[in-house]
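Structures for review follow.
Next, two complexes with chain A in common: one pairs it with chain B, the other with chain C.
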Partner chain A sequence: MEKKYWCVGQNFRKDGKEKVKGETKYAGDIFLPDMLFAKPLLAPVSHGRLKTIDTSLAKSLPGVVAVVTAEDIKGSNRFGPVMQDQPVLVGVGEDFKFLGDTLALVAAENKKIAEEAIRLIKVDYEELPGLYNFNEALADGAFRLHQNMEKNICSSGEIVIGDITSGFNESDIILEEIIQTPRQEHAYLETEAAVSFFDNQGRVNLYSCLQDPYYFNYDIAQALGLPANRIRTVATTAGGAFGGKDDITLQAHAILLTLVTGRPVKMVYSREESILIHPKRHPSEIRIKIGATKNGRITAFEGRVLIDAGAYTGRSPVVLTVALNSFVGPYYIPHIKLYGHAVYTNNLVAGACRGYGQPQSNTARELVLDMLADRLNINPVTLRKINALKQGQQAGTRLVNLDTPPTLDSLLDQTMAVLEKSPHDDTPAYCKRGTGVACAMPLFDISALPSLGLAGTGVAIQMHPDGSLVVYASAVECGQGVISVLAQIAAEEFSVNPGDVEVILADTDSTPKSGPTTASRQTYTSGNALKIASEHLKKRLISFGSRLLNVAEEKLYFYGGKMLVKDGEGEVPLSKLAKECYYAGVNLKEEAWFRSNHATIGHTFIATAADVEVDTLTGSVKVLKLVTAHDIGKAINPLAAAGQIIGGGMQSLGWAMTEDLMQKDGMVVTPSLAEYLIPTALDLPAMETILMENPYPTGPYGAKGVGEHASMTAAAAILNAIYQATGKMVTNFPATPEKVFNLVTGIPESS
Partner chain B sequence: MEKLELTVNGYHYQVQVEPDETLLDMLREQLKLTGTKSGCNKGECGACTVIMNGMAVNSCLVPALQARHAEILTIEGLSKGEELHPIQEAFLASGAVQCGYCTPGMILSVKALLDNNPKPTVAEIQEGISGNLCRCTGYEQIVQAVQSLAGKKV
Partner chain C sequence: MHWEAYHCVESIEEALQLLDEYAGASRVIAGGTDLVIQLKNHQRRVKALVSLSSIKALRYIEQDGETIRIGALSTHNELAKSDLLMEKAKALSLAARAVGSPQIRNIGTVGGNIVNAQPAADTAIALLALGAKAKIVSSTGERVEVLENLFKGIGESSVNPAKEIVTEFIFPAFFRSAFQRLALRKAFTLPIINVAVALLIDQKNICREARIAIGPVSTVPFRAKKAEAILNNEIISEKKLVLAAAEAMREINPRDSLLRGSAMYRRAMVKVLLERALRDAVVVK
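So, the complex of A and B:
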């Protein structure tokens, strides 16, 4: 029988009312008395040596309060989550390595003066040759972008299971393909913004949209030469993040300017600055060699992943690790050999972007599976079912333990059942219609990977003397709904109204370290930590309550804002119980720590089916329908969960169809939202989302992660649908009309 | 600096503006009506949408001086105190709000749409909000919210 919950499983949006009223304060909405406005001076070209920088003219402009260069930095002037190799400001005599490097900063009385002063800074530099693609960067004799590295290889990885040679020997057919995936821009509507100021104790306070307050606090402190406890970092409600706000950008700059001027400083990136500076989804080149028997059993999978890290290390080593560990996905393949490299170039820095390497490797694999199905003359759905992982089998990564029965077959059936209901009668004669599928086994809470080991999660809960509850967590609300989910979990545990629970998020002065709000992890990790903390607090309340009511502890339970006695022998409202505790000196705050099992990480299953119409006269493709079925374990908030799948699906549709942050010789060809095209409402296909509930043993109420997962299947399902419609695979998406037209008509792309 | 008189959310204002100051900057920086958002400052994203004399406009493209004697509605003027406007209620009920950054502009575009066309088709809704980018929701739940309002008084 299904467990009955108090409020888990209901739709609730704690931050909804303030958002529809426009009352939510994002970082850029903060105005402080005496506040300065700051602007950055960015690198003039993609690669060069800074010879001199003359700020005297800029400093003399009335209204300019400070012009700051690397000389003004007292710390290491370097930051980075894995290797601290990225400069806060590039110094004289140093090289700038990409267009997003910052050379100087201006703080002025208003925006206009700051912009004018930036133009008055004189920079003398020597332009250097650049590395703009894998071939250039990996060529013998290529110059090294980082002198401490032997080659331009940022990191490498390898996974071998079974014996790849015998795997290919057992196969009847071998297919080799190369898939290229484009650089994706997050394009959150809120560009990066930060406000910094001194508090009464002379500490710098930072309010900014960012995804991990403790990481930012620590890394900025050492880069600027401050003890971490002299900075307070508050993550404001983010206007979208998707991984793009997981890394330091203007936050160190705002703090530096407050240190230099003593005044509050606000810095907000223009859209063009945002596009140049924050890390992108890695462009990749993925080579797959796959072997199968005539009846569709895949025996061998050899894959190489190259990802373009851009100019600095950033998160590339971890993104590569995750790309490789999700490469084989939800299938059982006995012999695998996976390897890859993250490669330094002078292109834009790449980093976290919804899926963290999984969309690239999963999409490539799913495209090749459809091409294999075609060669084998087997239905693509059947091929996937033949090879779907079964419990007890070894996944293509040693990081996953199949602790619940895999659900891929059922998810595929559910998506296809919906798609088959679509009418097929109104396709014009010059159009071709096709349906495609794609599957994945998304990993979540990957920051618990043994190789990372960083991301345990603390959450605290406090009951005030009137019985009202406050949750303290360092998760960040970036639209996904974590503030609502945490309120629901506390409300579930104490049986109170979720609207009455306050949730304080992401403030290094008051909330415990929670690790990053990334990797589809916060419902799982903060949710678990909050449950543990709540259990401890409830235990103490029950112990006190049993003395107060003079009944055995086992008879007490919480319901509807009260502590009740089983069999109706008495009750006490939480307001009275908490007040009695207050006067008796009983601690009513509890903090708990959750860190998922070290040996394995969370995983789930997802299947997406797409229906497309290809106009053979123009090459334009219309996505008619997108159906996704996701094994969510338990949906704590079904509307928010569906919103993640739909929104993630549309981001992935954009990646498949139009989005390519193109660079040519380091310059950005699509520098604004007029050239870099994300989906509009006109691109919206009919959407259906199926949430399959299959409780996860270690999840709170059985919940799994969901945030990133649709980005691992939607693009592949769409591209496979184009393949099914036309017989041509777009192996270097996005599938622009020009590319599709050329493929359909057989015209080579270069002509 | 030039003197400018206009009405915002039913209140009369007199402000001094620079000739190149946009309506967006004036609303946010002088009147501190920060519910109107800046996403691109070039008319590409729609986050700064307000209603000016009954029409939805990108306030980042409107010189403040062009709003002389105009009637402006921003998100702050839509609800009556604690009582939400039906469009705001519909957005919450349909799950049309995630990060919330596009929400004020999106809601005002929907208002302008429904004021002119109380029963829009799905295609008309998609067209009506196509100037407002949203990166979180994928638009589906926004379209559902607007559909739920079709024919109702807003």
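So, the complex of A and C:
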């Protein structure tokens, strides 16, 4: 029997009207009296030693209020979520290690003066040789980018289950392939922006688009030498984030300039600055050796993942961990050996990007599965079903406990059924059609890993004397709809209109620590915490109500804005109940803490199918249709969930087809959105989303995470569809027309 | 971006007078979709900008006997929406649709697209194939130039925007034309290759005049004259079209580009796109 909900499962958008009307205030929309505008001076080349920096000319320009360098920093001048190794500003005598390193900052009366002053700073530097690919960085005798590390290896990981040698011995066929994936830029609409100012108590306030206010607060405080309680961090509504706003960029700079000048400071990156500075999706090289029996049973899977961390540690160790733990995905393979390294180079820093390492390893695996299916002469869908994980079997990661039956077969069937229904138009003779599939077992709330120290999530709820509700959470609204989902959960618990619930987000002065808004986790974690807090508050209200109405507690329940008595006549509106509590001195604010299981993390299942048309004479590929079926647990807000799946699919389509933040010898070949091509509305295929509801035991109302997951399958489904159409696999996407043309015509790729 | 003055003028005379007053230190601005970026990136410096956007008299698309006249301030969107161009100059209609995004097509002008002189400017490729001439005025008089004489190098035209204004494009209404474009995505991006063809085919199916333009395969929009020669005064046949396309592939000299693709690939694509464009031009009308 399906449970009946009050408003969970309905489409509701709390912040839609303001956004559509352009009224939502983003960080860049904040203007304060006396506010200065700041600009950064970036590294002139990818690797060099800063010899001198002369700011005198810039300082003398009328309208310039401050020019600051590393000398002005009182704290460690280093930040980073795992290792604090990235400088806020590179100092004289130090090395800048990539094009996004900042050497100096200008604060001026307006943007124009700040830009002019930046050009007046004289920098003397010695250019150093750079490491620009895995081979250079891993070569014997390569110089070390970080002197405290033995090699240019930022981190390594290994997972071994079974015995890989006997696994290959049991196989009839062995396939070895190398897949290379490109560097992806998040390309959010809103570039990074921050405003900082002193409040009446002399504390610095930071308003900025960022994904984890408490992390930023703490790490910036130590880097600049302030106690964390002297900074207040407010995460403003973000115009897209996708992981790219999970790391510190201009926020430390804005605060530093407020400390130096005493004045409000605004800093907004240009698109070109944004592209150089914030961490990207790691480019990767993935080697897979896979063994299977003639009837399609996979017996062994050996995989090596190399990811390009760029110049600093950032989140690379965790990204590598997640890439490895999701490598085998939704399949049962008895013998596996997975290992990999995150490698330092002088390329752009890489970090969190929708999927956090999973898109790379999952895509590589799914491409190789299609190549294996071809060798075995087995239908790709059938091959996946033969090897799909079943309850009781060991997954390819010890982090997953199969607490619900895997649903891959059903997802594949539903996806293919929708895809096959699509009409086949007339295709010109020189074009070939193909359909491809890809599956994944995405992980969510990976922040629950004890090693990350981010496991807990706090949320508070308060009822005012008139019965109206306020939720306090440090989740960040970045377009995904968390503000609506939290309002719906509170409304569900108290049976009120979700439109009447206020949600205060992401302010270190007033909202409890909720951990990062990443890892597809906030619906799951903040949702659970809010449910617990609501239950506590309801319990207190019921206890008070039972005395007020003189009935047993068990008889009381909430419905339609009232507390009602089961099978009885009595009732009290929440407004009256809350008022009585207020005068009786009853606490109506509850804060709760939710912490996922320490040993295992959330997982779900997803299948995507793509229909493509390949112009064999030009190599152009049209993606005609994408169908995704997602075992979502429970869709608290089905439209928002579908939006995440469609958006993730689109971002993944871009990664497969056009997006490559290309670097050559340290130079960025695609420095702006004129060269770095994200899909346009015209590139959008017909998209269908199937939400399979299969309540998850630990999720709020059975909900699982969803935000990142379509980015793990869409690219692979599209590339597999090209493979099915042409018989050729693009093993180093994006699948540009030239690459597809060369494959189809048998032209070897030029160096 | 630095300029001291931004003048919105109502007439060509007023514009020319201002340009003279600034004596080379000002510059004409139309849609500004290229110029503003150049100013922002400090690639150009001006003391003043003279905006032509309010001159309504330079926005028209009309047929005058056997000639089509287009006011230079017509926007790409106006070109794209014109039924007259779709019928009589399909290459230009399709080229205008391929430019940028709706916002850029709403503000960018055909005159600006030509004066900006990029080797792959879509309307430049189409107008070159259509045999267009440009009317250019200055305070000292008026000149009419065939389009190929306007292009001097990448981003360099013989029109001096500190002194002169392109007012009109004129081309014959009798061509059958077509346009093909290959790019990395469906909109809002530069072409890997774009081609336009214009054919005058008589009742005996003889090609009286063939004009073929290709970009970006040279420093300027390129006329494939050897390929044209294969078609001129010949009976149009599939075989001839294929031969002409193959000839064009030999007479171009594209460069390797990390963004647009290797020279080898782009050469091959010229043949494919040209065959498609020629076939399309032959069947229309």
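In this section, the second predicted complex is superposed on the first by the 748 of 751 C-alpha atoms of A that agree within 3 Å, B and C clash if a C-alpha of one lies under 4 Å from a C-alpha of the other, contacts with A are read in each partner's own complex, and residues count from 1 in each chain.
FYI, contacts are C-beta pairs under 8 Å (C-beta built on N, C-alpha and C of every residue); 3 or more make two chains touch, one makes a residue touch a chain.
All of these numbers come straight from a predicted model, not from anything done at the bench.
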Worksheet item: When both complexes are superposed, which of chain B and chain C contacts more residues belonging to chain A?
Response: B
Worksheet item: Where does A:Thr618 make contact in the superposed view: on chain B (first), on chain C (second), on both, or on neither?
Response: second
Worksheet item: When the two structures are overlaid on chain A, which partner does A:Gln480 contact: first (chain B), second (chain C), both, or neither?
Response: first
Worksheet item: After lining up the shared chain so the two structures overlap, which partner does A:Met662 touch, if you call chain B first and chain C second: first, second, both or neither?
Response: second
Item to complete: Once the structures are superposed on A, label A:Leu639 by its partner contacts, choosing first (chain B), second (chain C), both or neither.
Response: first
Practice prompt. Please work out whether A:Glu136 is in contact with chain B alone, chain C alone, both, or neither, and reply first, second, both or neither.
Written response: neither
Worksheet item: Regarding the shared-chain residue A:Glu177, is it in contact with chain B (first), chain C (second), both, or neither?
Response: neither
Item to complete: Scan A:Pro679 for contacts with chain B and chain C and give back first, second, both or neither.
Response: both
Practice prompt. For A:Glu738, decide between first (touching chain B), second (touching chain C), both and neither.
Written response: second
Worksheet, complete the sentence: Dual-contact residues of chain A (chain B, chain C) 674, 679-682
Practice prompt. Would you tell me which residues of chain C are touching chain A in their complex?
Written response: 2, 101, 182, 184-190, 192, 258-259, 261-262, 264-265, 268-269, 272-273
Fill in: Touching residues on chain A, where the partner in the complex is chain C
112, 617-618, 620, 657-658, 662, 664, 669-670, 674-675, 677, 679-683, 736-738, 741-742, 747, 750
Discussion item. Help me check something: in the complex, which residues belonging to chain B touch chain A?
Written reply: 28-29, 32, 34-42, 44-45, 47, 74-76, 78-79, 84, 88, 91-92, 95, 97-104, 107, 125-127, 129-143
Item to complete: State the interface residues of chain A toward chain B in the complex, per the touch definition above.
Response: 11, 13, 15-26, 28-29, 31, 186-191, 237-242, 268, 270-271, 478-481, 639-640, 642-643, 646-651, 672-674, 678-682, 684, 687
